[in-house]
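Residue numbering begins at 1 within each chain, and the chains themselves are lettered A, B, C, D, E and F in the order written.
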């Protein structure tokens, strides 16, 4: 468990504005998947499974490059009240589509598809329990599952010896304006009252992959935007450290 | 953990023919659901969430009776190779439909809908990892989640004081003919080579709710059918004991 | 018409408990299909068409084995009140899926896919009128259509001379507990009040292919289960005789 | 059986150019439907079921007028080679949609919706076997089923005593240019080689409800169009006579 | 702008019975499409885009013939009140299907698919604003877009030098009985009160491709049918003249 | 036409880095819609229709607040090569969903739903031609259509006299890193080679509603992010001026 504590606690759960929730990254949670992680940001719990398969989709064949993609979904009772299943409704909702695409783009930003060879990795991020920040937890956990799947493929000789498909690491965190103040890693009660909500995806070396900020209430000015970006940078650094710790531990252990 | 061991071990994993895998029933695995259980039959792992809501579907309104139903699904990487999501395909497969209906029927067999009042309980059974016996594990775990949801509703005054919607308990187990011999609780390697596969759902007092036997290879005769039924009766009794132990323990603890 | 009468009549339509309804099997009801049967169990009327095509689905190619599958459906006004079309609703319901799979499994149990060669036979079972027992009538009729399609293929040289893809015959019947008593071949009024409902699929030599029993009301005990299995064995034997009679008659005639 | 013979036979099946196939109209083919007809134009066989229900769709409520609509479909093996089910494909094809709408419009042309009162009649036209002319057979048969459903409703007091919802009768026939010559009631071999194909729906008193002509090959001129219209008028008159004969006979008999 | 005026005006918008609305055909309205036309019949405005691609659908491959097809759709606010999008509803409605098929058939009637070679042209006809006659405007405009796409392909060497895939021109117009009188090119107020509505598709040399007449109210007799056919012939001749004028002008100009 | 020119031109089309394409805003392009705008950013052409209806969706009823939502779509041949229709595919793609949601959120940010009363405005943004920046053009045009629809409702007495549902104006622009340099309003050739792509939605008074930046290639650092934000602020100010000019002109005229 990566304890990321700091300043004086003043939020509804006692956290400091720049303090993420307790982060737990459990590797090897599944027996079949080439990489798998149960990632927890407080009560938010996402199961990330990386499936490595030889070959690529038809539209990529013969180029010598690989493919990484992601699918995000929520169990019906992940939330406080039950939601209908998208499989039963017969269609994927807009939010699900949007987050799946975000996760895929975020991971591809640290993938050298040439080095991956003609292989495909699918990241399934299934939210078992939701308490705000499911997409940022998913990205943060999926990176670790992805790294494990690549190591597994290397061990099985499916990736060339000297090749390193990973060009960096990725972590993501939400920031927002709650009660007029910038805070990090909003849980559901904070998220549902936030005036502004921003998700930031960054590389381990502090560069941006994705910045998505939305004014839910009042539009925000440049000063607040700068505050949020700074907060996010700190949070992503903390999460990067937690990912490293998890990957440094034994593959079946819990890195936290 | 309910250890259900017995005879001399002779199966590929060392179990005796009438020995179920290690069964673990973890109650309260989710924070939001009115009842929730992570049930494990060996490596098969199913998350069962019971959602209690006031009111009933339109076609039942005004009759003073409640409704219990179930939805079963598998995460894409529950299995050895990844399956496509039914939400992405835009339709529920036949197998999913069939198992959802089986779980619903099985639970309704021990529900007094009058005593439940005009309330609905939906059981979501999501297979996190599959290694044979997912439907029987789902039924066995869902019963415990259902019992917890009913107690929760009673505590919140949503069910009349003297009313007892549960008229009994339900457990289910698979039996089959593998290598010419009747065995219980088949794991995936056994299931995929079984000549006959049967799922039996029974009440805690030893009566049948559902018997579904299928000859996958050779048709079977009455003597083999009798062997299978006997084996199933023993297994369901063992599972009933495990359920009771789980329900007797503290609600947030692990009963196993 | 195969009259299968017996004991003293005591049911709402005067039948004895072990007496099936009047069974009619009309072969060659369609001009185009390689095999076709209009099967009637009393007022239940199912049109079974067997379509033989050379080649197999992609996932079976190159193995030298054939494939047999089935699709079941009901016309909207087969029932007492009109049902919406599944084609208009845009999805197949759970019941339809389940029965289609059951019919396919039942027929494959008497098929030697090696002897069939790389050919596919699809059985379409469309219920023109429903009065209980549509799935058992469908299986019983589909077997005859399947036998005709195989003979037709043999006559056209599409199946090797010495090969016999059929390893036996299949018939199916429903049994249930109505008013506390075991009865066979329930019609709709009986089916809708049955405490227990069981469908049994058997080979012509008296072995089981499928046993599906469900407690609609009270769970049932082993003694009742034994009664039902015995009743079903007798009924399947009667139906097997009716199938033989139909197949022995001229292909365009009515065997009943 | 309405034998509609005439001129010297010169078509592939020996019919004269203005000669329809043998037409059979069997009333009361189903036990449940308020009106039902098995209509046969030669080997084309369509089951028409009329379902009468009290009440109207929401958008018509409170206007004191009724509604008549139709759904057309083909069984998968109605045709020479099997077609996929639209229910399995998950969508209705354009041709199905188009014909359903045509049948509905044709029948509404002879319905006084005020006299029908706030009641709905759905006509299900399911093609059991197709050999050309399925839509015209469907319209011709559906009219008879509709008439029977209205009489049934009147007998049950669901339609006001003096009211007559039917303002006339409807019949339909196909005409076309085959081998440079105008012919009537094309069967499949003719239909698939026709240069021009026209479906004409007429009232019993010889007026037009629908005229749909399509040049499949060469565009056609006014003289040919006039020939086709004349041929159709004669054919519809013959079919009107067959409908009258069927309705004049006892309700369970075969009028032909 | 092709002004097609004549007789004394007596309709709600002052037109004579045989007078079409002002017709505008603007070629080259899109930058990407191989052919594109914004066609206006009064306030009805349809954007027709012709997409030329090398190759044909799988079922046509290797025959040396091309393919022409069409898709028709309406923007949600083309009409007076907003309609739901068919993409959001998840299915194409019957009317859309029907008109798409009509446009495709109409254009194929003047295409020599051998001369087209193994190439495909898709005509997308999107109604930007609807005021009656959208399908006839679509056919009339689509022909011009098709002609432009063929010339473009010829210029790029994708069609053999001497080959002429177009065997004629096509135009379409609606006619109907409004207030007991035959009129041409009905706008929405006329269309919604017409007793009979007919769409006629004709070649430039005055032959029929498609005749579709429907009695919306009273069935019509042969004399009225003849009046409508005559009116349509005159209107199609006028539209053919407008098409020729448009094609004779510079490709980016407005021919009207 | 709002000419927004500036610095020395150095891009493939001669624009300066901070120079948007020629912007045209044509109001009243449709006759039926309560507000409608054809907005053009260079060759990108989007038709925005605002539909005002009394009443709100069920989930909002009785709260005295209104609703504004948006749907975005592309015509199949808006792009360089034809895309399949989402209505034909039977599902909305992820990108379509995402942009529809973005437009809706952006407009709601300047709506006082209390002042709107229980009324709904749907903005349909249909891309007639795409050359990069379709979502930003859509937002910019939709705001003007929205403003017109609100004035139209006020004129018809559907919005309370003193009420002002609009709390500000909204415009949007894309910025990106192309060839290592920050540029504004990317056209398709630029967009498809951009290393980073950012869409910024701002109010007329210079505050942020939405910031969405994505590294398509290399992750970007804070300095580049600051450059992009500055460029976007200038561009949104220019677009705000163009919107004001359009709204100041006569409603049927072209403001550009």
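Convention: a residue touches a chain if its C-beta (ideal position, glycine included) is under 8 Å from a C-beta of that chain, and two chains touch if they have at least 3 such contacts.
Values in this document were obtained by computation on a predicted structure and should not be read as measured data.
Engineer: Suppose you hop from subunit B to any chain it touches, then on again the same way; how many hops at least until you reach subunit E?
Structural biologist: 3
Engineer: State the smallest step count from subunit D to subunit E, taking one step as a move to a touching chain.
Structural biologist: Graph distance in the chain contact network comes out at 1.
Engineer: Give, as an integer number of Å, the spacing between the C-alpha centres of subunit F and subunit B.
Structural biologist: Chain centroid spacing, subunit B to subunit F, equals 52 Å.
Engineer: Can you compute the centre-to-centre distance for subunit A and subunit B, using the mean CA position of each chain? Integer Å is fine.
Structural biologist: 33
Engineer: In whole angstrom, what separates the CA-based centres of subunit A and subunit F?
Structural biologist: 30
Engineer: In subunit C, what residues contact two or more other chains?
Structural biologist: Only 90-92 qualify.
Engineer: Take subunit B as the starting point, go toward subunit C, and spell out the full loop of chains.
Structural biologist: In ring order, starting at subunit B and going to subunit C first, we get B, C, D, E, F, A.
Engineer: Please output the residues of subunit B touching subunit A within their complex, sorted ascending.
Structural biologist: Counting only subunit B, the residues touching subunit A are 30-33, 36, 43, 47, 49, 51, 53, 71, 73, 75-82, 85-92, 96, 122, 124, 126, 128-129, 131.
Engineer: Please give the residue numbers of subunit C that touch subunit B in the complex, ascending.
Structural biologist: By the definition above, subunit C touches subunit B via 91-95, 97-98, 100-101, 105, 109, 168, 198, 202-203, 206-215, 218-222, 225, 229, 233.
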